[in-house]
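Shared between the two complexes below is subunit A, which pairs with subunit B and subunit C, respectively.
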Partner chain A sequence: MTSGLAPVLGEAQRAPGAGFKPVPLWMRILRGSLHLWRVRIGLTLAALVVLLALIGPALAPHSASAFAGIPFAGPSAQAPLGTDALGRDVLSRVLDGGRTVVWMSLAAASFGMVLGTFFALVAGSSRPLVDDAIMRMMDVLLALPVIIFTILFISLLGPKDWLVVLLVGIAHTPQVARTARGVTVEVMQRDFVRAAQALGVARRQILIGEVLPNIITPLAVEFGLRIVWSIAAIAALSFLGYGIQPPAADWGLMINENRTGLATQPWAVIAPVLCIAAFAFAVNLVTEGLARTVAGVDRSTRS
Partner chain B sequence: MAVATINSLRVEIPGGLDVVDGLSLEIGPGEVLALVGESGSGKTTIGTSMLAHARSGARITDGTITIGETEILELAAEPQRALRGKTIAYVPQEPAAALNPSIRIGRQLEEVIFDHERHVSRAQRRARVESALRDVGLPVTDEFISRYPHQLSGGQQQRVTIAMAIILAPRLLVMDEPTTGLDVTTQARILAIVRTLCRDHGIAVLYVTHDLAVVREIADRVIVLYAGRVAESGPVEDVFQQPGHPYTQALLGAVPDISERASLVQIPGRAARPGERPSGCFFHPRCPMRIERCESGEVPTIRLGTAHHACCHRAERVAQSEPRRPAPTRLPKGAEVLLAASRITASHGRTEVLHDVSLTVHERECVALVGESGSGKTTLSQCIIGLHERYTGTVVLRDRPLASSVRERPKDARRAIQYIFQSPYNSLNPRRTVGEIVALPLRVFFGSSHRELHAGVRDALERVGLSAALAAYYPDQLSGGERQRVSIARALVCRPEVLICDEVTSALDVSVQAAIVELLRGLQAENGLSLVFVTHNLALVRNIADEVVVLADGRLVERGDTASVLDAPRDPYTKQLIADTPSIKRVGDITPVS
Partner chain C sequence: MDDATVLAAGAETIPREAETAGRHRSRWILRRGLFGLFTLLVISILIFFATHVLPGNAAQAILGHTATPARVHQLERQLGLDRSILAQYWTWLSNAVRGHFGSSLAANEPVTTLIGSPLVNTLVLLGLTALIAVPVSLAVGVLAATRQNGPLDAGISAVSITLAALPEFVIGIVLVTLFATQVLKLLPSVALIPPGQDPLSSGTAMILPVATLTLAVIPYLSRLVRGSMIDVLGSEYVTMARLKGLRPRTILVRHVLRNALVPAIQGTALSLAYLLGGVVTIEYLFAYPGLGSALIAAAGERDVPVIQAICLIFAAGYVIFNMIADLLTIYVTPRLRTQ
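== the complex of A and B ==
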């Protein structure tokens, strides 16, 4: 017996008059999360970084590979952030080096989400034997350190962007699958799934039509986390020399190239570090805000 | 001298809306005062106010609460805390949630003493734990005291929480729906314990419930709440025999009773929530006896007898009126057997939960499947629908044997048998609109076009008494009763022949239950549907079923015509069940445990 307060969202929100348009849940979550400062700040910051990465090349005063002065020169009118280990303009390289990290981390995270969710849905709706087989396979994958795993394949096949995306995505799969399987199993036991089963709806249809919409919010939060992880992994791979290859500009690579001059020309390292940190931080803020809103909305849509 | 007095209490939620306003009550020693009302009436809010507590978001903004001599709302937090448990104790609805699952019950009981009285010796503590357990009729063996909560049955758990509440000999006990979710037999035992506690220890009890039959059994006086206000108050006998408020009358008309078969009278509209309350009498939009005066201004409290008051302009008139409760017409059942489940034996894992049970349903017949929790009634109904596959025996639909798994059954069989789940909060996909939910079976069974879907959904919603506009809403924007109607609509679009209703009203308020039961009865008459009505509520069985099948521990113990089973039960289990079912017609006949 529930009594007392009307839920914050939901029933109370229903106006008796005409012209009422019901709001889908994801919209309510989006609106709700926009009330949080962390989400506003995060979205703004993430948008700035993405914008920088996208239109940066057009704004760069120099070519990313052109020499603008002596190596490790301090900030000057010519090069506002100084020059790097080879005497190229740091500002231009920062403006040019964002695209790779941004698109690769987004692509890797998306790929990992799709793969992980697929395995989770199959595992969560199968007989225990199949479920166990899939999830133990995921555990094996989880046991391999991400960096070693990717480096292994990159050493074999050569450093290619798509390969990095693929490998980092695969490395995400077990984590995503574990999260998604948990919620899938929970949803599978609910009566509306049993109701669909009783109608004879095919399993694929049940998974797509009944289960997936109910796990989409935790998945959105997981996606945010995966992006942050991807940024770190891809920047780390570039730093180690297994990602983007010189002379291309890339934030992760720049940190590696210029770390020897950290004492004389710190900007060459600090600028790309700040960019990576800002992007990761921004995505994290949004994720955190979404997670909080989801928790609040879920509470009010139950019962 | 009253144990507890509340004077013009007001509890607000953010926005200045009130959940409860201007509420006053008084409880004397050894008295049981029932606080009865439907969801959202503010009964739980008043219950927790007695402990000077308001749930998060709510605030007690006005009024006084006096326990003995102490005005508790004026106390600081620490003395308030000291009162809780010692002077005023609380028994929650969900014992499983109230007990710590990882601490032995003996320790949990001792902790209550330790919290309030530091200097009690171990031996004394132990002695008091034992005496409290004895008071609630639990064994006091070492083995029992060192059990964990999960090793107890639901009834035993609830008795442990009662023991926890009385162990410090409080003056007032607040019980919030303590028997909701328990079997009738367990409920009868708990009620007897409450009675004993009042008699032997002079404890005053504020009993919060939505169940009028329980009120009649247990309470000395009753307060009927509507939208956070007192609608009527008085001695139980007076209120039940001559209700002076139309709402009380309507509630009594909505409750099914085991002693007589009658139509359940629905209350039109729905309860006014904070923020959507009308002017004048809050009940007037739903009231069949309203006059112009009811629509604005203050409502007087009219005295109808010693201590019997009703807040209604026409209280005297209402008290004299005889509510109409026509006996429902009963359709003759068909001769042909529509559905037959024979010799069903089913198991969950390795445990056999159903032993050799058979069930036949004729055309246009309503068969009630009765039993307490764990009796196997849900398992049997899920075997019939094909969701529980691990059984032996046969399910036959119109002479055609069906496969045990729903996936292997032909489309037509899946369509003909429809299942309505217990909780409407769980059986509708929260991420789909009502329209999409109702359209799903249409797509599966009839491959309808877009336009047909639209028309089919509209038609189905209207048949269950919902506005077609609701198709665009999500389930969480609907009330519990509306949701259950949606699940009925989802079953109806299949054009079923048998509808299996699994405890479909147990999560709903009585007035909503009345509406759902009448809806099902109407559908049965209109469409010649057969019903399998799974329930633990014998009063409902009396009101809807033609035939009863009683299950106990997975075995069929009795079956037969409703009237003959309920009036002259042969099996001792059925007899016990009937005796334990409280009735709004019967004066409290529970004997205190000695």
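== the complex of A and C ==
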């Protein structure tokens, strides 16, 4: 019964004047945002960094742990970006060191989104007492900055990739929950949710079938923000020695390993810095464009 | 005041109204304070149990893996690790409240003396950052808002999107490359300050760490100022002032700035709370002897009492900055005092 209802109720979500074939809101926002140059540039740059991280290891001229010359040698035919603190080829290590930052930041952001959205949906559709209890616990978690929360546990449990992903994800949960709860409460008061409630549709089905599709755009913007923050947190943890362990190659780790040679062989630091900066900048550009489009669509549907 | 006053206060007389507003406000502040304490209590439980329930025994950590089980047991008794976990938590918490965090496992010194001067150094770093970041963010935010959608606004927006995306330590590395090693060799790339020395007297050493944190926080704060400025600029009373023919400068100073400052005040305290996270990597990068560096060092040695104390101080800092933000906001917004 409920599956037959969903499309009918779904009509209420669509903006008037969308023509014969109603286009879902998120589709319109996606299309709208693709008109923005910042989104195009951001998507291209992000795709390039992810591509570099994925196929980089296959392109590397040397092994990431092989010695290619004396420590901190300048660029040469052998090593186009010079060598690092131990004499390994910088270019090969840059090509090999992207996967960890890319997958860990995407995984941590996704985990935080799932957890935060779950708490938000439960809180936003519960009695005020339960709602308050959940959101106050989220506020409490905010008191430990991401980096300190992660260091506290990593220093006791040891640096493991999956643990870093879990901890950074958990640390992002309160922020996601705050954003998602706000929009959940708003959607819960709309007529189509009231109608579904009156028809006795189960809470879980209302949340998944009616609420979630209607908060997907603010969640997409939040996801972008969380990726940017996760890149920063995961790169910083590697830089501090709490992420990827040597001798593996990783952009954050490389910055720390080679910063003593900044005066003689800057490429060993500049190359990974540029990679991290490009990735974070690209995701932020896309997020920014998406947020602008969402705000624009909101304004046009409200007025 | 008794219950009768509360009932009477409902009457619509102006002094009475002010009285209830005051009562509401103090009750609100009390609730806010209690929630702050509750936050710290939960965080203290989290920190304590994380450091005790998780694998890795403090006695074993001190003695190393070669220690005999008998020796480990003896030290466990000395450290009180054989008592129940609740008894241990109670002892730790009641000592922590009085400022006693036990002895460092690595340095054999009381934690309080060990982290005293790093705490001061970190506060100096944060204070200097706020001192520079707040006026600059205000200026940038006002400039961007008054020239909304113009080339200057677009330029500021592009710079802040870039800066906001970069991890703090990446900004720091770029500054070191530009000003301390490759391009110009003007400033020291480390901020080593001997213990007990006033960081303010160390001259140029503080410039790069403060600049890094300032650049990390300006995008957030200036954007906040810009947003609230634009809201106020579009409000009816500003239109009214314009229609009255007031000079733009008068409108800006008397009507816009005063109201736009409210979120900026809250934003300042919140960005200080946000900076608490950034401080860790920046202190490590510049070898600045603050709480962040002390935390990294203690974590490397699994020096549990020091880790506990520093994490608790960071959480307390967050709670305090947030409470200041809320208090300032209700004192400058009359409407909120009664809510």
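Simple rule for what comes next: the second predicted complex is superposed on the first by the 276 of 303 C-alpha atoms of A that agree within 3 Å, B and C clash if a C-alpha of one lies under 4 Å from a C-alpha of the other, contacts with A are read in each partner's own complex, and residues count from 1 in each chain.
One rule holds for everything that comes next: a contact is a pair of C-beta atoms (placed from the backbone, for glycine too) under 8 Å apart; a residue touches a chain by one contact, two chains touch by 3 or more.
These numbers come from a predicted model, not from an experiment.
In the superposition on chain A, contact of A:Glu210 is made with subunit B only, not with subunit C. Within the superposed three-chain model, A:Phe118 lies out of touch with both subunit B and subunit C [touch as defined at top].
By the touch criterion defined above, A:Leu25 reaches subunit B but does not reach subunit C. By the touch criterion stated above, A:Trp103 is placed in contact with neither subunit B nor subunit C. By the touch criterion defined above, A:Val228 reaches subunit C but does not reach subunit B.
Interface residues of subunit A, counted against subunit B in their complex, comprise 1-7, 9-14, 18, 21-22, 24-25, 190-192, 194-201, 209-210, 213-214, 216, 300-303. If you check the complex, the residues on subunit C that touch subunit A are 35, 38-40, 42-43, 46-47, 50-51, 54-56, 161-162, 164-170, 173-174, 176-177, 181-182, 189, 274, 276-277, 280-281, 284-285, 295-296, 298-300, 302, 307, 311, 314-315, 318-319.
Of all residues in subunit B, those touching subunit A in their complex are 13, 19, 39-45, 55, 57-58, 93, 177, 180, 210, 273-275, 385-387, 406-407, 409, 411, 414, 418-419, 421-423, 425-433, 437, 440-441, 444-445, 469, 472-474, 476-479, 487, 490, 494.
Partner subunit C is touched in their complex by these residues of subunit A: 38, 136-137, 139-140, 142-148, 151-157, 228, 231-233, 235-236, 239-242, 255, 259, 262-263, 266, 269-270, 273, 276-277, 280-281, 283-285, 288.
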